[in-house]
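Just below sit the structures, each encoded as structure tokens.
Here come two complexes built around chain A, the first alongside chain B, the second alongside chain C.
Here is the complex of A and B:
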């Protein structure tokens, strides 16, 4: 499964650079389901749509995960803005996720 | 790259912990190991094989997920199937392995078109295979098969293509639903509609159903046949056409009818009236057609607002017109004083009713043995007037020309414009028909043809039985009139001659009622006074009644005897007597009852006075001679 969410700022150069992320999951895995929900909540609360998220089901695209250096799911990879960061697990540690995304509360 | 460390999961089971320990050997990173330890990982990617290895919780979730999907598929469909890249069944599972009846012939390894399906043509299969070649999703492909027991099954199948992670086509997967019950239910629901449709089509009258805008929602076969064959307004008003617009757009002679009909239909649709009836005509004579339009409102039936019935009543109307024509002819003959008036009025009535240009009457001249032109009538037209003028003096021998043939055969003949055959020269018939169509029929008495009526027109419709009956009836009426008129003329001439002779033989003639009172005195001033009506001869003023002859006269009258030269005298104002001689005979009605006397009268005063004077002279001579010659007596 590949899902992409496009941010509003992509067409608005005046606003801050959008956060580009890839979430590797296992379709129907309990932690993957929870990770998607947690990330949706964080994005809604802190990014206000200013992000681009790609969700990849490793059961369908295992080679893609392997090529991206992902070894476990769920894993969230922040690609931009730099520095890049990776969070593994179901993203229930909100502060850790915010820190990885470069968002300071 | 920062790596966030997940918090530990508080409740992993012992077996899970042992499994995770085995798994962690595949994972070298610390955060990943901690996450596995915390129970926050679903799968591990084996770097060697590239496969994803599910952890137990994720495996259970996937199994449950598959079970749920299978359950949902089971709810949504009856079978789940898969095809390989050559469209052959590789899997086919459902509530019952043989529920669709295909299992009996073995589906695995066969394509859908290899199975015994009877509702798909070669073209249908080509289309379906093209869809598969295009890797298109297909939905609700309906197939039908008849089992060995004759049971018909309807199946609906849908499928989507399968691709691997390299986007290579792997085949199709899909579901099949048994829709036999639904189809049967639909067939049952359709049955009443088919029943209604069959009834509608079985009706002889053309019927259409209109919506609120006047558009034709549906129509029966009779309606479609009518609108495809009729000419004039209303032609081609098929389903989907707007009937109101058609009538609104009527022009020419049909404009008035069109406005009235459109207004009536609108009133019915608006619910202002329940029924609207209107008879209207199309086309000019003689091809005129009549229709009886009936519009009935419909309440509470969805879009349908009115039912229109348009019945062809041409035959009935023509019959009524012909019946009216027969009455008109009878009235013309009754009102006519002369044969000329009768013939003209009859010919005109026929021409106006049938739309013919002119008509002529040829009478048989028995002495010459030819039909002679007698009378005619034509529409105001220079051409017709010229044609009729040329007809004057025209004669036909029996058997010659249309008129001669009709006279000879006693049967009507007609010539239609399009029916001029090679054996009939239009030029030869031109003097008879004005190079138009013609209808000629005999004028008859009880036992013979006495003349012929010949009509011409630009168009003559081929007479049907009703019209032939009308022509025979009119010919017979006219024939009787002409015969009666001829007899009356003969009688009138005879009476005239008799009256002349009577006038020469007497001074007046008189009539009495049964009481011998004078009712009519025609002639010179009888008895010296006109006021004698109502009086008997013996009651006349100053009649000399002392004469004994009156008693004998009265006894003769009482005995109903004829009497001749009964003489009587009346004292005139100068005191002299006038002498009259009357003759009479009794009159009886058809029943033999005595109704009075009629007779003649002669003034014999001069003769009587001469006789008296002669007698007196003779008496004087005798007296003189007796005085002179006493011996002479």
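Here is the complex of A and C:
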């Protein structure tokens, strides 16, 4: 399953470039379910729609995930803006996620 | 490395007397301190399986980067480059220090990736090198246990002949209690030790568990030659203790007598004539050598 979200807020010219992320999950895993929920909450609260998120189910696209360097799931890759960053886990520690995404509270 | 039909690497003479057992995956645990030779032993097992038995393998590297492991092995005449084409796959499973940890994770995704790769290359052997490095970040022994059993369950359904775990456990210090269950689920445990005596590094291995058969419990000194790790002390009388005396065993015995090593990895001759992926045996090599000259 690949879900794509493009919730760009066109009305806000002040915001920096959209944050581009890929979240690797295993659809049935409890950690993955929590990661999706946690990330959606963080995006809603801190990114105001200015992001692109691709969610990849490793069970369906294992070789793609392997090529992307995924080790454990869930795993979040921030591709841009640079520097790139990786967060592993169910994203329950919000401050770590914000730091990796370059969001200052 | 010498293997039986069941696919588990056989260890030095008298360490074990053959592999009678179920068709399920045989699991080995190699434990010891840093630099004690676990990784070489594990990789050598894959090299031998690929060369001598045409059985591809996957090496999951949790601690060192694959490039580092490959470069460390260039001193051995294994011709890894040829194997890397289709018989040996390294998965870089390092969680780099820059990775942010946020909450619990699991190995569902990793095992799905390994399944896909296993199908792709027909892998029958798998090494999890540095399993302690992966398990420690899980941060509690309950998660460690759960994920270790996840690997075990995956192995049970995977049609892999042999799995080898390596872990930095020295048996004296800690986290041995965390790995008690790991020792419990494996069929074979080998302790690796390296110590300096008068400025010389001495390596030894000792089998401490071998399910389903008798084994020699003494320590064996090991050294490193062009073919990889070599185990001393292979006396002809001991070699008689191999379980089966079929043709393969006899050949292995001969090889042992000649090379005085129980880990029959690629010899220089195999390296020179064996990189075409053909089945390797002493006889075939000699034939090829004649044909090629």
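In this section, the second predicted complex is superposed on the first by the 97 of 105 C-alpha atoms of A that agree within 3 Å, B and C clash if a C-alpha of one lies under 4 Å from a C-alpha of the other, contacts with A are read in each partner's own complex, and residues count from 1 in each chain.
By definition in this document, a residue touches a chain if its C-beta (ideal position, glycine included) is under 8 Å from a C-beta of that chain, and two chains touch if they have at least 3 such contacts.
In this text, all values refer to a predicted model and were calculated from it rather than measured experimentally.
Once both complexes are superposed on chain A, the partners chain B and chain C clash.
In the superposed model, A:63 lies in contact with both chain B and chain C.
Shared interface residues of chain A, touching chain B in one complex and chain C in the other, are 25-26, 28-29, 31-32, 58-59, 62-63, 65-66, 70-74, 85-90, 92-93, 96-97, 99-100.
Only residues 25-32, 58-63, 65-66, 70-74, 83-90, 92-93, 96-97, 99-100 of chain A touch chain B when the two sit together in their complex. Within the complex, the chain C residues that touch chain A are 91-96, 98-110, 112-113, 115-117, 120, 134. Those residues of chain A that touch chain C in the complex are listed here as 24-26, 28-29, 31-32, 34-35, 38, 58-59, 62-63, 65-66, 69-75, 85-94, 96-97, 99-100. Within the complex formed with chain A, the residues of chain B that make contact are 1-7, 26-27, 29, 31-32, 35-36, 38-45, 47, 50-52, 54, 57-58, 61-62, 64-65, 165.
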